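For clarity, chains are labelled A, B, C and D in written order, and residue numbers in each chain start from 1.
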C-alpha cells in the first residue's frame, strides 16, 4: 500500500498526541470524513463525538453529512446555529458594512461560529481534543485555532491534513484505500452560507472562463432578464427589517434576496484576496443578497450619518472586517468596534427602492425619513435659509492657513 | 427698476472694496458674465482682464465663452491648461485612486487649477483684485479662495453672487435688465471636464427620474448594446499608457474611454455628497472613463501591492481625495501624500482586458506581470512549496493572545 | 468721548438684532461684565438673565462673580454643574486619555457644558437670545456657538466683543467710561477648572521667562522638595476611584492630586497649539492632577489592553480629543467614540504606586491585577510554557511576504 | 554528561539541515559563541565565516568579540556599519519621531542592519547558510529572518537556541562542558546601540528596584546635579546638525547628548511592551540622546508643520515605528512612508535651547525661524490683522451641522 507507506513516512517524525475522547467538526466533506478514519486508525482515540453545525449551508449539505455519517458508522450531533448566525453575527456584519476588499466575510464568520460551538460542547462533554479538517494552506486553520484556544484552551487541536502535510491527492488515495466515501463537485471545495458562497477556495486560475453552471444563485448579466425588476428594502438601525413593505426576519430577507438579486445578475465577486499568511489568492464568490443589502445600506448611511461619522466609520468598518477575516471575532477590540458601530446605527432608518437590471443596482426611490440629514432646502440656490454673505467670511477664515503658507514662502524667499 | 432697487438695498450695508484693475475668471457662463457687468456698473473698476482657462471642458464651451465675450465687448485671454491638467493633476489623481465617496473629484481640481492660473497671471499683470463667479452655497468659493490666497495673498477677491447674496432668479433678472447674454441648458449649471461631468450642481430632486438626454457620454444600461465590448488597458507606475496595446497620451485615453465605456452604460454616479460646509447634496455625475480606469487600477493594485500597502494606502487615498475636494491641492500635507503615493506605484504595472456590458465591467484577462505579487504556485493545495506543518506552529503562535485572554478569564472567574 | 465715538463707528454698518430677553453667560470677568452693559446701552433689551455656571473654577471665582454682580446691579442665577462636570465629562475624558497634543482639553469641555446649561435654561425661560463673552480670535466662540445651536437653534447669539470687533484696550476703555468694574490679574485672561488651568490664553511671548508666581498649584521642579513623595491610585474601568487606598469621589481625587502633584513640580505644559482656525498659539497650562492621572492610566492601559486595542485606541482617543477641542462634544460621532471607549475600559482595573520627584513620575509598584494581560511566565527565557521551536515555523510563515518580494525582484531582474 | 544527553534528546526529532559553509552573526556574546561550537560539533559544517557588524555598540563590545574570537579560534570579519547606521537608519528614525509606545526602536533597527549586511556578505561568499543567536521567545528572530529571506532567500537559517529549544541554563551548561568562554554582566542580556540601550531583555521583574549601577549613561534624577544645564540643538530638515551652534555629524551629536542628557537624569524608559508575538514584556531602556532629540524635534514640528500635517503624520509615524519594530524595514510600505516623511521635513528647520534638570527637559529659547508657521501677530488680541467679525459668520457656517442635528431631533420628536 503505497499511501499507507507514505503516510507512515510522514508520521515518523511526528509525535502523536495522546488523546482519548475527541470532538470532530464534521461536515461530511472530504477532510472531516477522512479525519474520522484517522482518529480510528492513527490517533487511536477511544471515543469520537462528531458534531455538525448548521449555519445555513442548506438542507442538501446537512443531508449529505447525515448520509455520509451512516456510511462512516457515526451518529453526528447536529447543532442548529442558523438563528444565532443571522441574529448575532450577520446583524453585526451588516451594521459594519462587512467588506474585506470586496469579500463580505462569510466563511470567516461561520468557521468561528462552528469552532466556538464545538469547543463549548467539547468542554461540556469532557473531551480532551478537537479535530477539524482545515488544510495548512488556507485561512480557516487560524480562525478555528483562535476560537478553540479561547473557549477550550486546554484542548488538543488535531488538524490532520495540515499536521501530516497531506496533499489533496494523497487524501483522496487514503480515502480510497480505507473506503471513506467521497464525492466532490467542485475541485478545491466550496463553502456555502446564506451570506456568501465561496467557490473553489482560490483554485480557479487567473484567466479561466467561468462556466455558467458554476453559480448557485447567479444568472450572469448577459443571460439575466431583459426587463428590470424592482425591490424595496426597509432598514431599522442599519438592519433590513422589511422587503417590499413586508416585515420579515433577516434570514428570510437574505434567502429571498439571494434569489431575486441573483437572477438579475447581481453578486458576482472576482478578486485578489490577501490571505492571513499574506499570500494572494484569486477568489470567486457569489453573494447576491449581500451585494444588494450592502449597496443600499451604504446609500442609506450616506443620507443618515453625519459627514464626520461617514469618514470615521470607514476606518472602523475596515478594521472590523479585517479582524473578522483574520479569525478574531472574539477579540476584545472587536467588541469595542461593535459598541461604536451599534451606537452609530441609531439613525440609520429608512426605505429604498432599487431597480435591478443585469448586474446593475440603481436607487430609484429614497425615503427622506425622519432620520435623514439631507435637507436640500437649506442648501438650495433659491433658498433664503442662510445668507450667502456669511460664506465670504467663512471662506476668509477657512483660508487663513493658506495666507500663512504664503507668508512663510515670503520669509523663506527673503531669507530673514 | 425693481431689481436695481433690490440690489441697491443689498448694497446699502456693504462697503465696496476700492479696486482698480481686476482679473476675471471668465467662463462665459451666467455668473462670470454678470460679474463683468458688475465690475463696470457697481465696483467701477478701470481695467478688466477676463481670463478663460481651458481645462478640457470641450470646444463648445470655449466657443461659447468667446461668442459671449463679443457680446460683452471683452477680449478674454485664453490660457490652455489641458496638458497641465492631464499630466500634473490627473496622473496624481489616478495614482491616488481619486474617490470622494463615489465622486472622482474633478471640478474640485479644475477650480483650483483655474484659480492658480488666474492668480499667477493677475500678479504678473499687477492687478489688485480677482473676480470669480461662485455662489455662496457651494464648494467652489472655498476652493478658489484658498488657492488665490496662496498665490496672490494681497489680491482682493470679489465673489459678487455671494457677496451681494443674489439668488439665481435675481441674477437672471439683473442680466435681463442689463442686457447680459445668457442661455442655460440645465438649470443649476453644469461643469464639464474630461475626467467627470457634474450635472446640475446638486439641483436634481431626490426621486426625480433622469431623462436619457441629460447625459453627454452615457447610454443608460437598458439602452446600451446587447453585445459586450472588450477593451484592454496597460498601466505603467499606476498610469494608463496604452489602450488595446496602442501607446497614447493620458488625455487621449480618457477621451476615448469616455466614449467606449459611456456607450456601454458605464459611469453613472448618483450619490449623497457631504460638501465643504457639511451640507448633504444629491449629486449626479457622469464619468465613464474615470469609472473604468479606477476599476481596473484597483484590480491591478490588488495584484501588485503588498497586503500592508493596500490597507494603508486606503487611508492615504481617502485623505488625498478629501484634501483635494476641500480645496487644499496646494496644502503641504497633499505634497506629503503625493510623495507616498508616487513611491507606492513603482510596481503597479501590467495590462488588464475588460469586458464592458450594460454597465458591468468584468476583468477577463489579467497579465501576471513581473510586477505582480500573485504567486499561486506558493499557495496551491497540490504544491510542495512549503510544508503545511509549519502552519501548525504558526497557528499556535498566532493564537497565543487568545490563550492569554482565556487565562485572564480564568483569573477573573476565580477572583484571585 | 473717543471710544463711544469709535464704537459708534463700528456700529454704523452693523444691523443690531431685535432682541428682548437675553440670557447671559456671566462669569464676572471683563467680557461678560461689559456684555451686561452693552445689553443695556446698545442692544437695549428689556430683560437680562445672567447665569453663572459653576464648573469647579473655585470659590474665589464664584465670589468674584457675585461681588461684581452687585456692582452691576444684577442677580445672577448660579447653576452648580461641578458634579455633572466630574461625573459626566471628566470620566469620559479620562477614559479617552484626553490629550490634544499635550493639552488635556479642559476649557474645551467647560465652555460646552456652560453653553448647554445656559441654552437649556434660556429655552425654559423663553429668552430670545444668549450673550456670551468670547472674543473673535479664539476657540471658545465656536465651541459655544455649536452647543447653543444644538440646544436652542432659534436663539440669537450675541458675541459683542467679536461682533463689534473690539480690542482688549477698547473694552477696557468702554468699561472705564461706563463704570463697569474690572480687575484683571493676568493680562490676556485665565481660565480655571479642576482639570486644567489655562494661563493667559496664548498671550505669553515665545521666549518669555515665566515668573514663579504665575502658578496656582505648581511648584517649579527646581523649587520642589528634595525628597520624593509617593502616591498610589486605584483605577476601576479606567477611572481613579481610590487614592492611597481610600475610596473617594473623582472630584476629590483630582483636587487632592492638584496639590500633591503640583507641589512636586508636575503638570507644567508649554506647547504650540493649533487652534480651531488653524492658527498656532503658544499656550501655557498647569494641570498636575491631569498629568499624573493620565500618566498612570496610560501605564495601566499598557498592562491591561491587548496590543491591538492599544494601537487602535490611539486613533479613537486622538479623534475624541480633536472633536472635544473643536466644540463638538454633542456630535454623534463623539457618542460613537464614547461607546467604543467605554467598552474598552472593562478590564482597565488595578493600582499603581508612583514616586513623585521634582517633575518626574515613576511607577514603582504595579499591581498585577486579575485584569492584567502581563503574563511574564509565558515569555520567560527559562519557561517551558511554550516550545521555542514553534517559532521557527512561525518565523517562516511570517517571513513569506519577504520571500515573495525576493521572487519579484528576481522576476524584474530577469525581465520575463 | 547530562547536558550532552539532554541535547541529544532534543536532537532526536530534529532533521539537521545539510549545510557546508555558514556565515555567522557573531557578537562575542553567549548565543553566538555557543553557535560557533554547535556549527562544529552538531551541524558539522566545513567552513565557518564569523561576521561582526559594528553598529556603534562601543569599543568595549567589539574588543570583547575579538578577544572571545581568539579563545574560540576564529577570525571574525568586522564590518563597520556605524556610518550607515547613523546616516541611513537613524536619520530616517528621527524624521519619523521613532516611537513604539515609548521605545525609540533601536535594536529593532540594528538587528535588521546586521541581518542585511551578513546576508549580502553570505551571498557574495557563496555560503549556503547563516547562523544567528536569537532565542525563540523574543522579537529578534523574526526581524533577522525577514531580512535574510529578502536578501538571501535560498540561504538556510540556523537559529540553534530556538531550533533546539535551549533554555539559558542549558546554554550555560553546554558552554561550560565545551569550554566556550562566557561572562555575562546582566542576566538576560543587554543590547547597546548609540540610539538606545536595552537592559536585560525584559527579564527585570515588575516591581524590582533598579540599582543605580545598572545604567551606562544615566544618572537617576535624585543623584543628578542640583544645577540645570542648557543645551541648544539646530535641526535641518528634521535632523540635528549642530549642538550649541557647532556643526557636527549626527553620530557625534548623539554620542555627546547621551552623556549630557544622561548625566541630568534624562532617558530612563520603563514600559510594558507588546512584542511581535503579542506577549507583553516589561522593558527597561536608557536613551538620553534619543529622548532629548525626539522631545525637541516634536516641539519643532509643532511649530513648523501645519495642523493637518501634525495630525496625519501621527498615523504615519506610528505605522513607521510599528513596521520597523516588527522587522519590516525593507517592506515596500516602509519605503512609501519614508517618502511621505522625507517630504514632510522640508520646513522642519530651526534651533531650540533646552534646560536639562533632574530628568526634566524644558524648552527655554525657540528660534522663530523662516520655516516657522507660528505667527502670533495674526492671532493677537490687540492685532488688527483680521476682523473679528469675520468669525461671527465663520462660526455660523461651522455650526450648520448642529442646526441640522437640531432639525432632525425636531423631526424625530414630531414623528413625521
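The criterion applied here is as follows: a residue touches a chain if its C-beta (ideal position, glycine included) is under 8 Å from a C-beta of that chain, and two chains touch if they have at least 3 such contacts.
What you see is a predicted model, and the numbers here were worked out from it, not measured in a lab.
Colleague: Chains touching chain A and chain C alike, please list them.
Modeller: Per touch definition, common to chain A and chain C: B, D.
Colleague: Where are there more C-beta contacts: A-D or A-B?
Modeller: A-B
Colleague: List the centre-to-centre spacing of chain A and chain B in whole Å, with centres computed as mean CA coordinates.
Modeller: 33
Colleague: Taking each chain's centre as its mean C-alpha position, how far apart are chain A and chain D in Å?
Modeller: Here the centre of chain D sits 38 Å away from the centre of chain A.
Colleague: Residues of chain B touching 2+ other chains?
Modeller: 277-279, 306-308, 315, 331-332, 347, 373, 375, 378, 389-392, 394, 396-398, 400-401, 404-405, 407
Colleague: Applying the document's contact rule, which stretches of chain B touch chain D when the two form their complex?
Modeller: Contact set of chain B toward chain D: 277-279, 305-306, 308-309, 312-313, 315-316, 319, 323, 328, 331-333, 335-344, 346-347, 397, 400-401, 404.
Colleague: In their complex, what parts of chain C are in touch with chain D?
Modeller: Residues of chain C touching chain D: 101, 135-137, 141-142, 145-147, 149-151, 153, 159, 161-169, 188, 201-203, 205-207, 209, 221-222, 228, 265, 268, 270-272, 274-275, 277-282, 299, 302-303, 306-307, 310-311, 314-315, 318, 322, 330-332, 357-360, 362-366, 368, 373-376, 378-384, 387-392, 394-396, 398-399, 401-403, 405-407.
Colleague: Spell out the part of chain A that touches chain D in their complex, as residue ranges.
Modeller: 13, 15, 306-307, 347, 370-373, 375, 378, 386, 389-394, 396-398, 400-401, 404-405, 407-408, 411-412, 415-416
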